[in-house]
Amino acid sequence: MVKVGIIGGTGYTGGELSRILCTHPDVEIAALTSRQNAGKRVDSVHSYLKGYVGDLEFTESISETKDLDFVFVAMPHGVAMKEVPSLMEQGIKCIDLSGDYRLHDVPVYEKWYGHEHTDVDNLQKAVYGLPEFFRDEIRGADLVANPGCYATSIILACGPLLKAGVVAEDIIVDAKSGTSGAGMVPTERTHHSTCGETIIPYSVGKHRHTPEIEMAVDRFAGSHTKVTFVPQLLPIVRGILSSCYFSVKKDLAQEDVDRIYDKQYGKETFVHYVPEPSIRAVVASNHAQVSSKVLGDKVVSFGVLDNLVKGASGQAVQCMNLMLNLDEKTGLNIPGLGV
Amino acid sequence: MVKVGIIGGTGYTGGELSRILCTHPDVEIAALTSRQNAGKRVDSVHSYLKGYVGDLEFTESISETKDLDFVFVAMPHGVAMKEVPSLMEQGIKCIDLSGDYRLHDVPVYEKWYGHEHTDVDNLQKAVYGLPEFFRDEIRGADLVANPGCYATSIILACGPLLKAGVVAEDIIVDAKSGTSGAGMVPTERTHHSTCGETIIPYSVGKHRHTPEIEMAVDRFAGSHTKVTFVPQLLPIVRGILSSCYFSVKKDLAQEDVDRIYDKQYGKETFVHYVPEPSIRAVVASNHAQVSSKVLGDKVVSFGVLDNLVKGASGQAVQCMNLMLNLDEKTGLNIPGLGV
Amino acid sequence: MVKVGIIGGTGYTGGELSRILCTHPDVEIAALTSRQNAGKRVDSVHSYLKGYVGDLEFTESISETKDLDFVFVAMPHGVAMKEVPSLMEQGIKCIDLSGDYRLHDVPVYEKWYGHEHTDVDNLQKAVYGLPEFFRDEIRGADLVANPGCYATSIILACGPLLKAGVVAEDIIVDAKSGTSGAGMVPTERTHHSTCGETIIPYSVGKHRHTPEIEMAVDRFAGSHTKVTFVPQLLPIVRGILSSCYFSVKKDLAQEDVDRIYDKQYGKETFVHYVPEPSIRAVVASNHAQVSSKVLGDKVVSFGVLDNLVKGASGQAVQCMNLMLNLDEKTGLNIPGLGV
Amino acid sequence: MVKVGIIGGTGYTGGELSRILCTHPDVEIAALTSRQNAGKRVDSVHSYLKGYVGDLEFTESISETKDLDFVFVAMPHGVAMKEVPSLMEQGIKCIDLSGDYRLHDVPVYEKWYGHEHTDVDNLQKAVYGLPEFFRDEIRGADLVANPGCYATSIILACGPLLKAGVVAEDIIVDAKSGTSGAGMVPTERTHHSTCGETIIPYSVGKHRHTPEIEMAVDRFAGSHTKVTFVPQLLPIVRGILSSCYFSVKKDLAQEDVDRIYDKQYGKETFVHYVPEPSIRAVVASNHAQVSSKVLGDKVVSFGVLDNLVKGASGQAVQCMNLMLNLDEKTGLNIPGLGV
């Protein structure tokens, strides 16, 4: 059994990692840290884990647990770059779910996150953990930067056409996310009376996933592609729908588009190309759905996923499986809810 | 024009008072206080008031505005009892929307609110502002304690049968409220990812509206009636449904019950006895709907209202109209949304 | 008092017309038709109208009521063009809330609606009822085609920049609507278990508001502007957010954009240019909010409204006021809910 | 591998059975029937099953598939009693998810369901499939009547205290259910614009689960206990909260109550006694949470579950496991979502 630790076990992505890993056949959750809940039983804080984590208790720091094989860092940005160096030195493989290791361009990181990057060495080695596009790199990695939830949905939606070289310069992304994407700390925006029965554009032109999306898009597109990214808060708990619009370089028939996506995703377990994408079809699972429609000289591509699973903790476990040479599906092989 | 001030103009009940009063034909909003927004234009904070409050600005304290005729205190409990004495001395009529003046029994207040009551004199004079039952008292009052949202819904639902003397000893109230009832301060419970797609029992047996409900019930019932009150948080913004269960002293036919309610509410503007109560029928209005069904030797009575209107600010304006000898409906004569 | 009739009093837009008109000081609701509810009291079907429509009953046909001055047709497309000719002959002014009189180009109508247009004469005379842009035409009109809810939100969002001539050729509209926009007939898509806790793209590239939007856009833009229109169903009851993306012809500063919108809407009662548009700020009112952000060489403009009020029945009453030479605000002068 | 068939594969409970069984290690889904989708690939109708059901197609009738070992009937009441006799004759074990085999008292069935019961023989043999209370009977059964979703939540909440003999005569149940409990056929009540942003009491005193609940309650209580059952429709998709109120025969301390529940559920896998029950903690899983609070001489007991899993298809699989002598947890051993 692989001994796994999770730094940040109280928050939504840490809780979701626990929920997935507690039934993973090859893994044992050996440590969950939580400053505020240290010393408490995990299942007294997360009652949904009753019966799945024995009498495990939260600990203050990951260093209290010996002989860990693998660590997830499920903390806000800025924390992982303090924890990762020591883990790397100990030879512990690591996945960071924050933005700390996603942007290889240090000045870009510092501009968008507003503080210095203090672990540039590991930043250069970190692999971007989107298995459907970078599977081989992830297999050999010691450190994986798990993609953001918005970025995953957008790259899955646009990647195949970008790689096929048919996308003209600009991409407009109108993205909508459930509130769990904002994390567990109550704020004015995620207060139910603020965000219920409405949809709220926020961080227009200023969201930190923008450079991450542009970085990925550039890798596929070869040249620089501008991404206009407008996130909007939905009155739902889990789920993202990213609607991506772009002009195409030449006349494309719907059949051409379908062929490109079928080729890309036909053999994938977790990403499906479908006529009508549905958040409810993927929610509570590591599956994503992608759809693409030709509308004259424009194309709209939709990417849909559960932001806490394929958009965060599920994808991290998928990467872990690759890094540990396990079957990529292990512990994740469950359909979405449907209803 | 009556010059009105509102202490606490940022919160939900203060905002709702502004929304109602800004189109009231006999009233001018002369002052809105807000510690955090003092000096800002009101319509820059509450964009829904654009065009309705001119260039009015928030002020730090109500004493900055001279010649006020009427003041609403729309603050958490504990504040009104500091503000009201001076207002009373100046001869300014006053409605408090908090719990400070609802419980005439001082030890009961201090037990449930956890601090001393510092204005016992005015407490004894305060009238409970439920016009459908205490209209005449409100007309002559200088100080009105506006009922709580839960209490209003429950008293409207049970009052007629209590007054008719047919209710056996106990009442069980299973109440459900939208999140705006909890106010504008973000908390863990009202965080969307906590309270969305679920319903949460809270403060079971410990909610501060319990003594208020029991006090009112006792006035109707003559003898002491125990109220078991279980509030639950709904994933909606506005609206309360209180389902009230009790045994009846003797065999009651549905027709008997209907007659009692029709007699009580037949001439009321804002309370309607209907076969199927509906939050959507009353939301955004000062209307309430009440329904009552005989189920063998039990009766269930439903009370439905918009917690920010008939459950708070609308009812306060209804009381103000009475206190100012205006037509009770003035400024409130608008149907609920329906859809 | 102007005697008003509503054809289609059961549906959402007919109900909303009743809700608004029942407190309108210059108008009397003299007739509401409903095939399924003929003979029933209106307030037994719409309990929210209790106390506002006396003992008015639904009638089978509008012709049963004599001496009407004004008629609203609140029926699905195809019905108005059968009713309007006779009303016009009788000299009764008329507003159609369906798509029957919006598209002056008959072949375009027949292509998108799938049946013949049988009242081409009146079609040519009908005025498009968007007061903020066509106020003078509406004043003199006998027949007004009330705009669609999506179209209103989009034209309000884009109109000022289109008129200013700064928009490059294409517009991409990512629109989101609450379920009441789909009407009162239960369908698989509007079944709560289908559309709750999700957002569903539908009619992608095939929605009937597309030609209406393009028609309006062309009037402003001078030349033909292609509109890519993608509607999505939100899990809310009332409200539309249309996010409109386009390239601009030349470098535009945010200040330039702000100036254009301020000039257009600065004196409007019902449309406000704001930094952060909010459905909750306008819901239950005839107000709309518009916002526009420069994002490099792109602009995103947001249009927000209550689809049943400014997107349908409220706007129809606003047009009626103009057609009857009343103050445009009469009966509509109420702020949105805010919370 | 056990070859399983599902009669009614399109509806919500049939879909949910497929979702659970497709990853069950000891079972193969050999047949799914659907009149409307016969001949179509299952994953073209239920896109969430892509990759989990191969190229399985819906069939018209269960008799088309040979050598089935086990059949679930997931159809509205009235259908199972036509299908079950032939299955029993063929020696195929069977679970019916409708109400057809729940009420052993034929006249009671016929009164509440409004038609004759045509399979009284099997009705007498059917075992009520609530494993936490009737595990041994289920193990030996050929035919199991799967409990209703409301009934499960209520019996789990009240059963321990009923068995302990501390409940006085009456039980009041205020139950709240998500819309998926009403099935997949669109109706006026489950139309989003009707049931969104509200909570709707329905079938007050007339719901068909009432006799089922009373039957179970009587088994525990020894004597007849009256149940006042008021269901209410929540604006959520999945989840039930049943709040059950009753007087207790003698003074009970909270510790006494806790001990009774701990004893009943301490060793159960799927039912947990917790301080604060949460729909989100159990949603998407076969877990239920139960909580009970002493409030003076009253007790409120809460039962919480996912109506499609522990309230329907998950519980059916739990019963199947017992009937097949498999580990009861097989295929169901997954925590609820938590967030």
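By letter and in written order, the chains are A, B, C and D; residue numbering begins at 1 in each of them.
By our rule, a contact is a pair of C-beta atoms (placed from the backbone, for glycine too) under 8 Å apart; a residue touches a chain by one contact, two chains touch by 3 or more.
These numbers come from a predicted model, not from an experiment.
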| item | value |
| --- | --- |
| Minimum number of chain-to-chain contact steps, chain B to chain D | 1 |
| Chain located farthest away, centre of chain A as origin (C-alpha) | B |
| Pair joined by more contacting C-beta pairs (A-B or A-D) | A-D |
| Chain A-chain B separation of Cα centroids, rounded to whole Å | 45 |
| Separation of mean Cα positions, chain D and chain A [Å, integer] | 35 |
| Per-residue overlap in chain C, given as positions that touch at least 2 other chains | 12, 180, 184, 193, 197, 235-238, 276, 278, 280, 339 |
| List of chain C residues in touch with chain B within their complex | 12, 15-16, 19, 22-23, 46-52, 180, 184, 197, 237-238, 269, 272, 274, 276, 278, 280-282, 284-285, 287, 289, 308, 333-339 |
| Chain B - residues contacting chain D, complex | 170, 172, 174, 176, 193-194, 197-201, 204-205, 226, 228, 230, 232, 234-239, 241, 243, 245, 247, 276-280, 283, 291, 293, 295-296, 298, 300, 302, 339 |
| Residues of chain C that touch chain D when the two form their complex | 12, 178-180, 182, 184, 186-188, 190-193, 195-197, 235-237 |
